[in-house]
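Following this line, the structures themselves.
Shared between the two complexes below is chain A, which has chain B as its partner in the first and chain C in the second.
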Partner chain A sequence: MNKGGLLAGMLGAATIGLVVIGTVWPVSSARAYAGGQGLLRSSSTPEAAVQNLGDQIRAQAWQRAYESLANKAQFTEPEFVGDLMGYYPNLRTYSGVDHVEVFPLHASDNDAEVQLKLYWSTVVGPSVSTRDLHVVRDGDHWVAEWPIVKRPVVPPQVIPVNYLRWDVIYRGPGDDWGTQDVESPHVRIVDMHPVQRAEGLVILGELLNEDVVPAYVSVTATLLGKDQTPFATEGSFDKISHLLLPKQVTPFLIQFPGASLSDVQSVRMTPFSTLVPASADPVIEIDNEHLNPAPGASLTGQLINQSGQVVNVAHVLGTFYDSTGHVVWIADQYVDSALLPQTPVPFEIHIPEDLARKVSSERTVVASYTAGGVS
Partner chain B sequence: MQKSESLELPQRPISMSLLLMAAVAVHLPLLLMKLPLKSYDTNFHIFFASHYLHHWFDPWNPKWYAGFSQTTYPPLPQQWVALVSHAVGLDLAYMAVQLAAILLLVVGVYRFAKLWVNPRAASIAALASIFLGSESFLVYSAGQLGTTAAAPIYLNALPFLFEWIRRGSWRSFVKASILFTAAAAAHHATLLFGSFFFALPVLALAFLDRENGVRVSTPAFLVRTLIITLAVGAAIAIVLLPFWIALIHYPVTQTPIPHPSRANYILSPQWGLNYFVVPYGALILALPFIFMRGSMVARLRPLLLGFWVAFLLGLGGTTPVGPILLGRAFDVLTMERFSYWATLLALPFVGALAAELFARYRARAAVSLAVLATFTCALAVGWTTYHPADAEDFDVGSAASWLNRDGHDQYRYVTLGFGNKISRLAMMTDAGSVDGEWNSGRMLPELTRYGGGPLTSSKYFGKPGLDALRAMLSHADHYGLKWVLVRDHYYDPLLSFAGWRPVDNLDEDTITIWSKDGVPPATPVNAPQMPPHWQGLMWGILPFGSSILAILVLLIPEKRQQEAQAKYRFASDEDRVPGRMVS
Partner chain C sequence: MRAVAAFLLMIGVAAPVCAQSSELMLPAKVEAGAAFSIQSTGTGKGTLYIAGLGQVLKRDVQLGETTWFPAGTLYNAGHYAVFLAGNGSAASGAFDVVPVSQPADLSFLARPSRLAVGLHDGITGAVFLFDAYKNLIPVSMPIEFRLTSPSSETQSSTVVTHNGAAWTVMDSTAKQGTDKFVASSGAISSTRIIGQVPGDPCGLKMSAKPAGRQIQLQTDPVRDCSGNAVPDGTIVTFTEAYNGAQSTVDVPLKRGIAQVEMPAHADATITVASGVILGNQIRWEK
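Here is the complex of A and B:
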């Protein structure tokens, strides 16, 4: 072979070699687009089998994920997808799996238990769900069994609704929010204090609607330094229930990441309220509430939708008090499944270990979102 | 017999006028149909141009990112769009500038290819450039005006570089320097990478040819190379000074944003189709010839190596070459431009192959190559239909009208689910947004920290995108962000729980406007990044001036070369094995 032929051969071989390397061991960006896997992935271990399944779920390759299951004869692919994503629009509808983790729980020669942790990225923030999977050996590889949870069947029923509703009559069709010429509902901060946490300064408190009309509320806090100049302003964002019916109270939590209490001379609180139409529906009952002590301190309970319509996303806000009735901490959880009428859905709000000992009582409020009910 | 037949065929190049007419015939109807408006980036360029139209000497644009500097992107094609728009409006001005770039490419490819192959093969290469899949892909699907405008200017500069190195012609030196500067004013990355993929092979060719015809000593070669490098470097430093100042003061340190051109095209075949099959088209069939001919012919080897490296980089994450050679830039750049450059570098080979096929198989070759070229071009043009940038076309006029009335434009807004229509909306409204499509120009920490792209498409960027959206919404008061225009109900729960309320509906309820109460009116932010007035003057004069100067110096006639082109040993005349075409 002459020099030219040799060069052509070398370039061709190098090209093919580089493509093979890039495919067998893909770079991170390529792996992300390929659903987290390279060309050669086997299910030679129970963990690998579950990892592959998790990657397929992450890539929303439902058919491949379903086909890989050992117990797929027990349910259909739509049931598998429904079990993962929900049968009604819910938080999962507004989310995708960001990454997965796999933990071996138990293994023998022919079967194993593996925990699959799905880290969801939802529109309202991260969420984690956990499934323990039974994995069985099938020849030289392993296959996972999906622990299907069948859809709850709601019996046909008639639910009478009798709830309060407040309408607002505007000056004209051109009115915008915030340009109303009526007095804002009277709201008052009934408790507020700063707490220094590792991640920064946190302002906790409660806001009361003292008025006889519903109010749309938010709270802003401004930190003032030693020279009384403001140096940081943050709002309550979603750590508050923005809609307050007359005489209702909401907790609020405002975060100042990286801020230190020692730099703060005072805090200027600015509650905001505006008159809005509102209704007391949907009514969500909180049942079986229980404060679980440390370690793993949490508040658990069930939400029961008392109305006849499906609530797509529920946001549970827990306020924790010490023995003197002061707010110790505020925590929240978005419930990842829809609330069907009269169907209990569990929730669990975690409490920081160092604060759990101080908690002697709690109060829970629920904010809700119903698809199509916003405009 | 075949060999004797081929000798009787005309070896004259296709005339330039015919080539330009062919380019007009193929692309003018497509551009008059405004097909690029459906692409990813066309509206972005028109948005920039619209700012230059009204504020030629003020590159500070308050309509995106609560204010950003347009000195972060070379302005030349956009300024031409702004200028031409005085006559025909922005959309048609864009099409006119794009057509000019396509015509310049034909000329540039011919001149560049003539360095490597005989004039007939070069003219066929120029003809092939009209049907080049990557060109149509960038024009009609990607909408990369900067890249497609800079490359032809660069290609046209290279023969002057060659002449300067070979003969020391000062006319060529001046023309090369000014054209390189104009190319940089059109697109900085083209100049940077073009130096490696295009200029280095040409310098290597000049070195290889130093004993051929007019002799060039090695010291003379080195001195001339150094002189033009310094001259061009200084010119670009001055012409794009505001760009460099912005880059030095505010380097692009934001978290990288994922782009599918960095995927592995085998593991993700849908992206392989998009970024390899469509841009290359029938050129894929010529790859074996390119490798064989480029290796066999000594003076084609620099071109082959330039092609090979660009080809590998254009494969994105299919090979580890991108991350190795580009480092962090691999996560910042998009890779389709490398495929574009690779196909441009392949054209001289394609011209040579086609010339030989014509000579050998005549009508059969002509028909086959015409079919393949047409198919390649048609696939890339039609790709916008099968793989549209926006799944749904819609008018943003009602949203713009809403923002422009009743004082709504005192506040900033952000859209959700508008895709790349945000550029069009920004052009039509007086209100400012905290979002935008020029990721390298954004400075707001809520946007740069997470690695998401435009907020309007947050959900497609997964956790980083949604984190950025939540961060921005949580600081709505700070930015005077009062309005969220929503076309995708995916985001409704977040808005609802975060204290926003729907206040209006537009376009038969397809667009919902959400509002946050208590937000103060928008005030200017990002003041430190605002370029001073002298930079605005430079930005308005020098880049555009470089293109005017380039046009003027091109009118200076070249000295008639005493040395006939035939004296060069073109690739098609040397080292070939009889009877081996593609071997």
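Here is the complex of A and C:
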């Protein structure tokens, strides 16, 4: 046998050996991802029991997670999964748990309270959900009770909807070159000012659709240096409500990471708008808005879908004003459950601690997305 | 086409050198689409090339005779170079093809296609005059602009073209609807439609009445400052402030009014707005 053949034989034998070793003695993480019991610890403590449950949820091992619960007789496995992932398509449908954290809250000999934080990775960024679990001793180990939130029930009904809808016919290829196309919606920036933050420069403002047709909008800002030379351009990305109905106002926030206000001579703002088909439905009421002071400053409230269709994803944008009416901050939150008709869904938008004391009033808008198109 | 043009350029450069006994008698200018002729001198056979913007002609000619070109041969206005080559001799020259002075078409650009009522100089119209062969007519000609508003009020102006173009500005009137914007030159005309839409709501006013545990809020018919009904779909924002909290809802106008039910809180202050226009304020004391 020549040297090449010998080397090939050795490599083949080594590969087979490694496969056998990996199969017989798999590492715990590989077992976990393969659906085995890897990474699970003994549930000898309340924290370990909740940690195990969190790991099973992360691995989407729904059956094992459900079977491990102390109160599983109170609900079915589909209800347990629906409580975690939602009963209708929503932000969670396209997300998974990245990692979990467990915090003991209270413990006695036979029961304990443990907080489970689930860190979801969603298409719009991280999202954290927190559940406080009651954990009970069962012989030599502990088992968690899942605090099920029962599915909101919308009674069968017919909701007549006759909101306006706009459709658009654009200029055709055979039209004379002088023929007008449909006019783009007229939008106007009604407020704008830069704010220096530790992470960079932030442009805050508000945009108004002053037309009588719906507009898809976005805003771009260009920073000009002392010599009037542009040196950075950024867009509002998702810190804006992109669909504006007539006379609707959206806040926008544009971030320039690492930029300094002292380097900026002026800012060139470029609002963009285009005419798009749209519907005036759904109408979403924002109820019970509360400005909660620092520490942990936030804006909380509830969204109530007043229309008949399910809103799959809701994006809440809060504009915060000082006592003189100037915008001091803009923050947002994606609601990770679908909005059912007439069913309140809470939201919470965090406000930076240093700005919270300046906030005197707020205005909240909701952008909604419905399966099958932007609404 | 490019190869022919390059060849013509080459012989064009060489022509003065090679020119011997042939000469060309060319028209000073030819109206686009008109028949014309070119007379040459000399004897024998030759090839005549005419090259200009977008058109190149090649004809076998008998030197010393007149070559006729029928109507419609040259129709693109511009400067044309002529080259004659043959029998050891060459000649060159040039003439212009000019647009027909009778307009056959006009391109009318009216902007915007939609604007608010009551805007001074809000509508612009620009016209470009063309002959039957789509050549821009640089000769000054009068253009009449006429804007007829929904109330049948008419604005008109006559503008003389300059280098083939004329433009004007008009006002949008106080009544919403469709404007008919016509530009004409003689029997040629073109029409554009301009939409005049209501402006911002004016005197926005709402009323409130109890509806069980809710308050029913409803605006009066929403109109702009000229009395035009603000179109359905326009967003009206109701805000209720109570006990340090607030509820907000954006409601689209439906059949000219906006209405919504909001929670009834004692001592609540309710405001209404549309865009940057504020309406009245109600204090709910029940």
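By our rule, the second predicted complex is superposed on the first by the 322 of 375 C-alpha atoms of A that agree within 3 Å, B and C clash if a C-alpha of one lies under 4 Å from a C-alpha of the other, contacts with A are read in each partner's own complex, and residues count from 1 in each chain.
Here is the rule we use: a residue touches a chain if its C-beta (ideal position, glycine included) is under 8 Å from a C-beta of that chain, and two chains touch if they have at least 3 such contacts.
Values in this document were obtained by computation on a predicted structure and should not be read as measured data.
**Student:** Using the superposition on chain A described above, determine whether A:Q248 touches chain B (first), chain C (second), both, or neither.
**Tutor:** In the superposition, A:Q248 touches chain C alone.
**Student:** What is the contact status of A:E183 with respect to chain B (first) and chain C (second): first, second, both, or neither?
**Tutor:** Touch partner of A:E183: chain C, not chain B.
**Student:** Now for A:G258: first (chain B), second (chain C), both, or neither, which partner does it touch?
**Tutor:** A:G258: touches no partner chain.
**Student:** Between chain B (first) and chain C (second), which, if any, makes contact with A:E285: first, second, both or neither?
**Tutor:** In the superposed model, A:E285 contacts chain C only, not chain B.
**Student:** Just checking: does A:G139 make contact with chain B only, chain C only, both, or neither of them? Give me first, second, both or neither.
**Tutor:** In the superposition, A:G139 touches no partner, neither chain B nor chain C.
**Student:** Identify the partner contact of A:P156: answer first if only chain B is touched, second if only chain C is, both if each is, neither if none is.
**Tutor:** neither
**Student:** Does chain A have more residues touched by chain B or by chain C?
**Tutor:** So, of the two partners, B touches more residues of chain A.
**Student:** For A:G125, decide between first (touching chain B), second (touching chain C), both and neither.
**Tutor:** first
**Student:** Which partner chains sit in contact with A:T233 here, chain B, chain C, both or neither? Use first/second/both/neither.
**Tutor:** First partner only, chain B.
**Student:** For chain A, which residues lie in the overlap of the chain B contacts and the chain C contacts?
**Tutor:** Of chain A, residues 176-178 contact chain B in one complex and chain C in the other.
**Student:** Which residues of chain B touch chain A once you look at their complex with the stated criterion?
**Tutor:** My answer: residues 258-260, 262-264, 266-268, 271, 291-292, 294-298, 301, 304, 308, 311-312, 315-323, 330-331, 406, 459, 462-463, 466, 470, 473-474, 476-478, 489-494, 496-499, 501-503, 505, 509, 512, 515, 517-518, 575.
**Student:** Going by the contact rule at the top, pick out the chain A residues touching chain C in the complex.
**Tutor:** Touch list, chain A to chain C: 162-164, 166, 176-183, 190, 208-214, 245-249, 280, 283-291, 306, 362-365.
**Student:** What does chain C use to touch chain A in their complex?
**Tutor:** Within the complex, chain C contacts chain A at residues 107-115, 128, 190, 192, 197-198, 200-201, 230-236, 239, 244-252, 254, 260, 262-263, 274-277.
**Student:** Per the contact definition, I'd like the list of chain A residues that touch chain B in the complex.
**Tutor:** It is residues 2, 4-8, 11-12, 15, 18-19, 21-23, 25-27, 29-34, 37-39, 91, 94, 96, 98, 121-126, 174, 176-178, 216, 218, 220, 233-238, 240, 242, 272, 274, 276, 312-313, 315, 334, 367, 369, 371, 374-375 of chain A that touch chain B.
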